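My questions all concern the structure below.
Chain nomenclature is as follows: A, B, C, D and E, assigned in order of appearance, with residue numbering initiated at 1 for each chain independently.
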Amino acid sequence: MLQVRNIQSSYRRVPAIRDISLTLNRGEIVALVGGNGNGKSTTLRAVAGLNALDGGSILLKGQDISAVPAHERVKRGLVLVPEGRRLFPRLTVEQNLMLGGFTTSDAAKREQTLQFAYDTFTVLGERRRQQAGTLSGGEQQMLAMCRGLMSQPDLLMLDEPSWGVAPKLVTRIFETIQLIRQRGITVLLVEQNVHRALEIADRGYVIQTGRVVMEGSGQDLLGNDEVRQAYLGM
Amino acid sequence: MTTGTNSSRKMAGTAALLALAAILPLAVTEPSQQNFLILILMGAQMGVAWNIVGGYAGQVSLGHAVFYGIGAYTSTMLLLTLGLTPWIGALAGGLVAAAFALAMGWPCFRLKGHYFAMATIAVAEIMQILVTNSDALEGAVGLYLPMDQSGWGVLIFLSKLPYYYVILGLLVLTVLVSWAIERSHIGYYFRAIKDEPEAARALGVSLTRYKLIALTVSAFLTAMGGSFYAQKEMFIDPGSVFATTISIKIALIAILGGVGRLTGPVLGAVILITIEEYSRTLFGSTGSGTDMIIYAAMIILVAVFSPSGVLGLLGDLRRHLPGAKPDTVKAEKMEIRP
Amino acid sequence: MTADILFQVLVSGLLIGLIYALVAVGLTLIFGVMDIVNFAHGEFLMLGMYASFWAFALFAIDPIVALPLTALLLFAVGVIVYQTVIRRILKAPMLSQIFATFGLMILLRGLAQFFWKPDHRLIPHSLVSGNVAFGPVQFGLPQFVAALGAVGVTGALWMFLHRTRLGTALEATAIDREAATLMGIDGQKMFALAWGIGAACAGLAGGLIATFFPIFPEVGSNFILIAFVVVVLGGFGSVTGAFLAGIIVGLIEVLGGFLVGPEYKTAIVLSLLLIVLLVRPRGLLGKA
Amino acid sequence: EDEIRIGVIYPLTGAAASTGVELKAAAELAAAIVNKEIPAPPGLIAGVGLPNLKGAKIKLIFGDHQGNPQVGATEAERLITSEKVVALTGAYFSNVTATASQVAERYGVPFLNGESSSASLTQRKFKWFFRTTPHDDLFVGNFFTFLGDMEKKTGDKLRNIALFNENTLWGNETTKLQVKLSEEQKFTIAEKILYPAKTTQMTSEVQRIKAAAPAVIMQSSYLGDAILSMKTYKELGFLPKMLLANDAGFNDSEFLKTMGKDGEFVISREVWALDQAERNPLIKQVNDLMKQRAGVNFNGNSARAFTGIAVLADALDRAGSTKPDAIREALQKTDIPASGLIMPWKGVKFDASGQNELGTGIIVQVQGGQYVTVWPFDVATKPVVYPMPAWDGR
Amino acid sequence: MLAVDGLGKAFDGLVANRDISFIVHHGEIIGLIGPNGAGKTTLFNCLAGFHTPTTGRIAFEGHDITGSTPEAAAALGIARTFQIVRVFQSMTALENVMVGAMLRNKRVAEARERAEDELAFVGLSHRADTPASDLTVSEQKRLEVARALATEPKLILLDEVMAGLNPTEVREASALVHRIHQRGIASIIVEHVMEGIMPIAHRMLVLDYGAKIADGTPAEIAENPAVIAAYLGE
């Protein structure tokens, strides 16, 4: 589905990621873990096209998309749910969702996904006319994920979906990620909640100072001493 | 602000520049050229004064002409009615402008960004209308300074040289004030207010107080510049000292050089006034608008190619010359929304 | 003051107010979408007026008939301005943006003088010349048509922004450009669209005003201050706010000028603006 | 020497650029005539050239003041010290003339003003300042004399007047004078309005005037406002018996071109009218030259600009030198008869303040798309159409 | 030192805080938890003078500070950090902290010394001359703590300083809070990260829908059925 080959990216000429290579197969959940500021978000942003590449290449479904602008990548099925949700706070829940489906010209398909969202998260259905900014943090996160789904992605990238969400709702979020995979969507997940992320992930990558330092199946990484020490605090 | 060696190098540079400025009129003797230099110094003085509130404290005023006009009118009225020397008149003008700044800043500082800028335009425009319709100030007719007097007492001179040194002195004063502010806690507070006003408050910084300090000091110095204008041109009317075009020019000078930097406005004045004067003298006589086209094209080019002012551009060049390549995606402010 | 006069004054104020609204909606739209204050907006208006004038002078096309053309032309101007200048200063600080659009303002004036001479022009007669009288109340038909046009254009703009997908996409870009990109929305295209539409609104305003106002290179400067006042009073970025504020400004200006004295009419409007801002620092309908 | 440089300062960009460009064309025509590039009609003072300066040519160096007094002063300074002009002329706007002439005064360079009408300019006791045009005192005085004459002629009362003037130096001084003369001559001011120039609408102004229902409006406006106000009168269906315009916008070449029928019957003070050619053939002959060269007829402004250069050339020639003192002395001794001018004046002769004491004004009315002289009655070519015919009765 | 009595705050119609009362003693560490939108940040804003409470009173060190300004609160010794970081972007890390230090000492040189100490305290000395905008979010959060400490507060309000940290980093953050406590400074800490807050808090306050639903030791809170239902889950 996705092949990331030795990409590099920087902010104001200060490199944030130096050498990242990832491979995602269709239908997988892949987790990207690592400490603060190690370049996880930057990786996702670079794949999404928000950050320019200094080197390396990105292949989506076998095609090189390194030079494709960010909004085009959405049309090709690559969608990022960014850090901090980035909803359109003064637009309604429904408008937010409709914008998620901006690239889908098929109205019936849009309607269908919308229905899925409202069925899965009844709150969103109840509040479809409410301004997105007035939802609670957890609800906002649900909305952000549903919005990402609206464009019928093949690959969904989630940046810290459990960030700032009350513990009670965190479980719900991880359940939803698995639901998404069941719809045949490949998921690339960045999480601080390393334990839960690796639990649901098929495979995982550990990133340190902008480089992949380890990779393996979710279970392997969970069992790895180094990982346990560095990221699970055990 | 930075390390000792750096600032002492800066000092040396400034001293050299000052020395150069002091002897420049000895080389440039033609009055219209001296006049040109005076215009630059006047622009620089206004820009540096504006920079205190618009640059350091980040409160973008587009109504500074109101202080300029108050300065010009106060000293001139005092000279005409009481025969008071402009030396005192200019101080009085500064004080009146400062008082006015306090009165206008109090309500206006509740506004942010473009709203504040617009409110300052409104204040200046209202003031212009009021003065235009004030009989006591001779309304739209304007005020003439006496042509039959001259000398240091009345600050009117037949030659350009004294004007040059007076405005140079005023510029040096303005830069010194600005420099002292930049180095003191007030300068830090200004920048804090500019960046994150709420955070500054949490650290005990009173926004109102410090914004008022910025505006008041800036107004005082701008008004002195206005008094100088009256002394130099010897005729003032509301349109020539209260106009919004003056406010915008003042801001442009600072922006052009680099906002929030001590010497930015000086550089800005050199560039802007030069473009302005030369495009007009070279092309203005055609009557086909060519001078405006050239002037405008230069402005746009500067805005496009050095958005953080010429100083910013120079800094960028210096830092990144070897193998420099522009950022394609600028790091947008990473804002996390709850 | 008799009831007749009061009524007449109010009608005149309303008509001019609607025209102010029309001039201002384009300005507020551009601001709303990209936080840039376009000092050259008055010059877009001027270009719209000249477009009508030349359509009339060269091809004998009535300004009213030429409106779609004028709009299209100014749309193109807006997009060109965006692509050549604005696109390059998107990330620049607010002050540099002011600087650039200010330069643009002078440039367009200069170009107009260069190509079309500084002369004042007028479209001597159009489909909509003449007067309308309702009992004691009189007004010019051109003003009336222009006011109707203002209502129509503002209404259409509102519908576009709030009822179409493209409009919502524009709004989304305004709120958070990067997030909009993640929806597959091309931010550059949206910005260009905003400038196109903003300029087209000014063009329409110009075309309508040209039926009763002299046309000269500096004509934009007559309207720009009022347009700013309207935008700020309505709240930067709010189309509905600008519409409302336009009417209020028109009414206050004419009524204030009549009651207090015309020399103070602008001062009255500006004071109103300051007072409103003190109570509502974001204007009437400004967004946080 | 073979080139005498004269500085000319006009508003060549900005709001008044259209006027400035016209003035520039007139000044250039005058220079061309003085330089004998164009054969001059016999009798024209400028046609003499500069024989006493061995046929030297004058060269006009233009400066653009953009309507800004400071720029005016800067330009004056530049023209004097770096372009080395021997005399200055300009600047149309009275407040710019004020600053520019101050610079000339300081440098001791003659400044001949041809077209600024603010009375205060020649009350400054300047040594180097001369003005050929009559000033507002005279013009405003003429209005009242004219009204008196009209009352006698028609038997109507025309005592109820509205003052409608723009709010800069010019409109302000005019208003003051009008108020003073009304009091002295027992006119009633029904409404007095100083409106801000460059406005978007004049409804409130015209409403007020309409409500005051004066017999006569005295109006001072620049071009844009003149057009807008006429449109507003019509829009609000209002017309006084007489609209007395104070030159400027109402006499601009553009005014009639743009207003067409709606500009008819406006009465305006003038210093020049083409129909005066009946009495002075030079007027038509020189106007033809202007038409050939610049494509437009003279108007009051451009005719005065032309005359300014002509008078300056005359003084230069008599001075026989480009020394400032010599020129000044020659200017003081100027005595040009009416027959050498294209103005309906009695001649040019400066009093001690530098004001031409032989200047006179005429009053013209728009009739059939032309400005025709209607007053003083002895030089009138047509009778006054009075009262103004209603908007729809034309 | 701090006594809050019947505090309530409404935003036209929406009640964000209702009838909250509690007391904080010198040097105490108080954990403040609750679901998203429960009103935690609003409570901070009231305490620090950013909002004027609609009802109730706040007393600090014997002063009634109800509805005082942020400046006054800071001068009295209440410092805070922001949930969404607000560092002074155009200044270096050191200068940021100097601004805080200037509250007690306007002399620039002395403020600098003080700021260097505080930077060292939070472990950011190596970043002193880095522009604040170039720090990672977690470094910026620490910078805010240093800046707040530089004002020599008696009470510090920390709003989600641990969000987005991995377990190791969370432990470091907890240790930092403990060191602040050792300096005799009381703190109130808003956190969703239970592992970070539970071990160090002396007492926990729990908010739900703007009202205080529990107040007790971490152990008590963890068992409290109301808290489990509203927030902790499981």
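What we mean here is this: a contact is a pair of C-beta atoms (placed from the backbone, for glycine too) under 8 Å apart; a residue touches a chain by one contact, two chains touch by 3 or more.
Bear in mind that the values here come from a model prediction, so they are computed numbers and not experimental data.
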Quiz prompt | Where chain A and chain B overlap in contact partners, by chain label | solution = C, E
Self-check item: Chain at maximum distance from chain A, centres defined as averaged CA atoms
Solution: D
Practice problem: Measure off the straight-line distance from the CA centroid of chain B to the CA centroid of chain C, and report it in whole Å. | Solution: 31
Quiz item: Per the centroid of Cα atoms for each chain, what is the distance between chain A and chain D, given in Å?
Solution: 76
Quiz item: If you look at chain E, which of its residues touch at least two other chains?
Solution: 36, 137
Quiz prompt | Multi-chain contact residues (two or more partners), chain B | solution = 129, 132-133, 287, 289, 291-292, 334-338
Self-check item: Numbers and ranges of chain A residues touching at least 2 other chains
Solution: 11-12, 50, 86-87, 89, 137, 164
Quiz item: In the complex of these two chains, what residues of chain C are touching chain B?
Solution: 31, 37, 85, 88-89, 91-100, 102-107, 109-114, 118, 178, 217, 225, 228-229, 232, 236, 263-264, 266-267, 270-271, 273-274, 277-278, 281-283, 286
Exercise. Can you check the complex and tell me which residues of chain C touch chain A?
Key: 165, 168-169, 171-172, 175-176, 178-187, 287
Quiz prompt | Contact set on chain E toward chain B in their complex | solution = 36, 41, 48-50, 69-71, 74-75, 79-80, 82-91, 95, 98-100, 102-103, 106-108, 111, 133, 137, 144, 147-148, 151
Quiz item: Which residues of chain A touch chain E in their complex?
Solution: 11-12, 14, 35-37, 136-138, 160, 163-171, 192, 194, 229-234
Exercise. Please give the residue numbers of chain E that touch chain A in the complex, ascending.
Key: 34-37, 134, 136-139, 160, 163-171, 192, 194-195, 230-234
